[in-house]
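Same chain, two partners: chain A is paired with chain B first, then with chain C.
What follows is the complex of A and B.
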């Protein structure tokens, strides 16, 4: 019963917002006490204007996600932050972002985004948040965090300054950018890390960029995606979560379910809407709702996730928009939107 | 007679040549190239304005939400915009973006930067068929 009121007292915070929530629990597999969920916040792009002035819109997006997350009932076991906390990777931006995140009541694990990284190759981020890749176990699920946004050394070292490098990488469509990858060192680490995990342990991998290839021009892409997928192949139930794309995407490749998460900052167009280049959005995806581009938080949001069964139920929390749930369909062995999979509504059509 | 005839032919030829310079309804390959180059210069300038943190007041750039000008839909204007309460032209929506996400000030409809932005957006959407009014 309680589960139906997961945002206790949130009404006061969100004037006019219709409050959720019918949670779809896919109850099978593990016993009830293993049941848990975590919240996922991503892509806040905290942007400094000057001194202590920051872009208000993006501050508000993250502040709202943290406040809503704090009101979850039942509580999340932990929070994931999916990368791009900062816009240009500076100390003031990372500090300001972490200050807003400090209001979050739960233990938070962080993923590195390119906007956090390319100013100083992640040095300040690391000094505040620890290693760029790591793993942990929670209630029978093995979680892995990768830094998927590195590029080759030649590109990394060719700039006259960190600021110049960051400036180029911060432009999603900047033709001077370079394709992301996880790289050989982390792939070797991943193999080693997974060697001690049994093949029937549910696996969750967090990356910033998609560990699948959708559109290279905007780095909706990881160059060594196939190699990572091959490492994950022997496991029975694998779930990959990524940020970066600022939109809803989901897919199934073999044993691996892929889900993107929403940004708190702003939404991005689907690559198919760029008419001058081909792209490959997974056919399975029912696109996000662009109900009202005039509304500051339109097509942004955060989510909470159940993976305790080994398969994902992704609950997307979308300001002034009906929440959406994308859950694993046991019969068809793939993630599907529980409401819109076979009946899209007009604001979900992008062109 | 023959000589006179030849002379008149030559004269006519000269007149035609002179005349062609003054005629407005003909243009050359050089003209076409010049006009295309002028347009592409506006497109290039538009890309600069589209990625210029100084267009608004908070450092946000157009391309932050509209990579390659995507989701701007120049082919759908003019169209009804609910929040503007009327059928609007594209430049009015550009100004909405400058005022709101960019926290800046309106550009005049014929400001050279507005012209450049519209040139760039149209270029990134080239080849897509006109669908005025579409949402």
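What follows is the complex of A and C.
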């Protein structure tokens, strides 16, 4: 009965869908009233050209996401921003991004992305948005936000200027980059933070990079992923959501479900298209089809995320493309595409 | 038996060739649904139905009233269409010319094909105003000329004639209203270097490059439909609903769940009309978006945009040049498509682009 009620609600939410933000329904609650929903916007890459001129398509992607977020009915309890608000981490870019975000009617929690960070190691971001890692509780669910994009001090300090450092890190495939990690300080904090949380409390963890190792060359990677996973292991229901990759990814490692969220700015190719290095894209992930470089919203999108009973169902709404649903398969204990899991997705033909 | 089938095969193939040979320069073969092949009998029946004013509540309006061949199948220069008793709707009549190539019909794509589209206007209160389709069936089942034509086209008579036959005949007629052969086509597809003026040629360059027009008004190496059949929010008419968009969207979703007639709503309620494709899909991504129209014969079909709010091609080009704003002091709405942006065209480029658009007129509409 409860399930049916929920699905009915889900239908209404789907109809109230948003592009290119994600909507998360948290249905851990014991009663219908305890369920709640939050929206998720990520990877807008607001980029200054000069003075007041910013890359328009990225402005428009974020502006649109906020407008659709404000239109959601029923409304979200809060909004998550998944990182990379700015492209080169400058004050004008962060200010401009936050100005667009200020139109959002709901309380927003932010995740740090590498494009927000490497100019001044997150100082300006922090001055506007607060700590780089933190946790909060909402209606019986424990939420954790990590800064997963830091690297070792040696790399961080070897550059002649913040601009140079940011420029290197902004090139996703720049071989002079360095692998991301959460680091010892945050891991210690995380252990302490989770010590007071009971093991059957549902956990939702937000990071910018995947807390799993997929492809080192593009930092689809967190170097201490295994150590973080070990800290999360004792909890019964864990969901990790990450941005950064600008594409559909999902995976299951032990008790932890992983899902990427879509970007508002642009899509990335899958690592497998770069044949010079091995990719560890989860075998589980059925890749998106890609075809249309002439459509400015192609391969961006939004998803309605149902975290029913602690397991995630992603309902992906892709502009001008077939919708997809990646749902937790209770029997096989992993997320699977309900339609395409065992076969390739046919290429788009509409262009 | 095999021999007979084989010869049918040859016959079918040769008919196909005839059809392809008849396709005007610059167009691909017309897509025809398998269950409604185009036949001469259906086309002449559809032609008659299309022009018959008896299918309106007061006998004054036919399909051709708003889709007039002498006006490139529009009702230019009307801003929005006039139905019975001079009642007006909310939208500028889209041309029937090359509508056969569109992936959906109406400005908001609320019908998937010409068959579906053709039934709507008869019973819309501000168009032909019938209460239902019965009066049409009554006429076509009893009128001697129609009885003959329906027999020829569908081998049907009396109650065997259904509304869907009327729709299939009108759609078949509309699949013959295709036009290419414009100066642009002669230049681009037939290699006639003198077909377009230098001014239009410069305009074509603007069309392809700085003007970004081709992103939605698509052309390919073998043909040019000048439409991607997709839906975009340009900012036209959106000011009316921008402030109340959340409330209007919620109210519309509720109304739609209760089963309102979308066709009637969008043509009789100005706010609902501006929801655009959203009124069909109720998806946020479609808020205020309308289908890309063809540009063929555009010089003959003023005024422009879904609400007919821009009077000349120059006004349209200036609207795009301003990043989807009539005046550069107007606001840019949050729901406007990300592909719309200020173009920084100078006056000469604007004039060149208009000259190019004027080179898209087919000889039959000159």
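Here is the rule we use: the second predicted complex is superposed on the first by the 300 of 351 C-alpha atoms of A that agree within 3 Å, B and C clash if a C-alpha of one lies under 4 Å from a C-alpha of the other, contacts with A are read in each partner's own complex, and residues count from 1 in each chain.
Assume a contact is a pair of C-beta atoms (placed from the backbone, for glycine too) under 8 Å apart; a residue touches a chain by one contact, two chains touch by 3 or more.
Small disclaimer: the values here were computed from a predicted structure and weren't measured.
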Please work out whether A:63 is in contact with chain B alone, chain C alone, both, or neither, and reply first, second, both or neither. second
| message | Touch test for A:107: chain B only (first), chain C only (second), both, or neither? | response | neither
**Request:** Would you sort A:123 into first (chain B), second (chain C), both or neither based on which partner it touches?
**Result:** neither
- Between chain B (first) and chain C (second), which, if any, makes contact with A:173: first, second, both or neither? first
_On the A-aligned overlay, A:217 touches which partner chain: chain B = first, chain C = second, or both, or neither?_
first
Using the touch definition from the top, say if A:233 reaches chain B (first), chain C (second), both or neither. neither
Dual-contact residues of chain A, meaning touching chain B and chain C, are 56-57, 294, 296
Counting only contacts in the complex, chain B reaches chain A at residues 51, 57-60, 63-68, 70-71, 73, 82-83, 96, 100-101, 124-128, 135
Chain A residues touching chain C in their complex are 15-19, 56-57, 60-61, 63-64, 66-68, 70-71, 73, 103, 294-297, 302, 317, 319-320
Seen from chain C, its contact residues with chain A in the complex are 215, 230, 245-246, 249-250, 253, 282-285, 287, 334-339, 341
The residues of chain A that touch chain B in their complex are 47-49, 55-57, 171-173, 217-218, 266-269, 271, 273-277, 294, 296, 346, 350-351
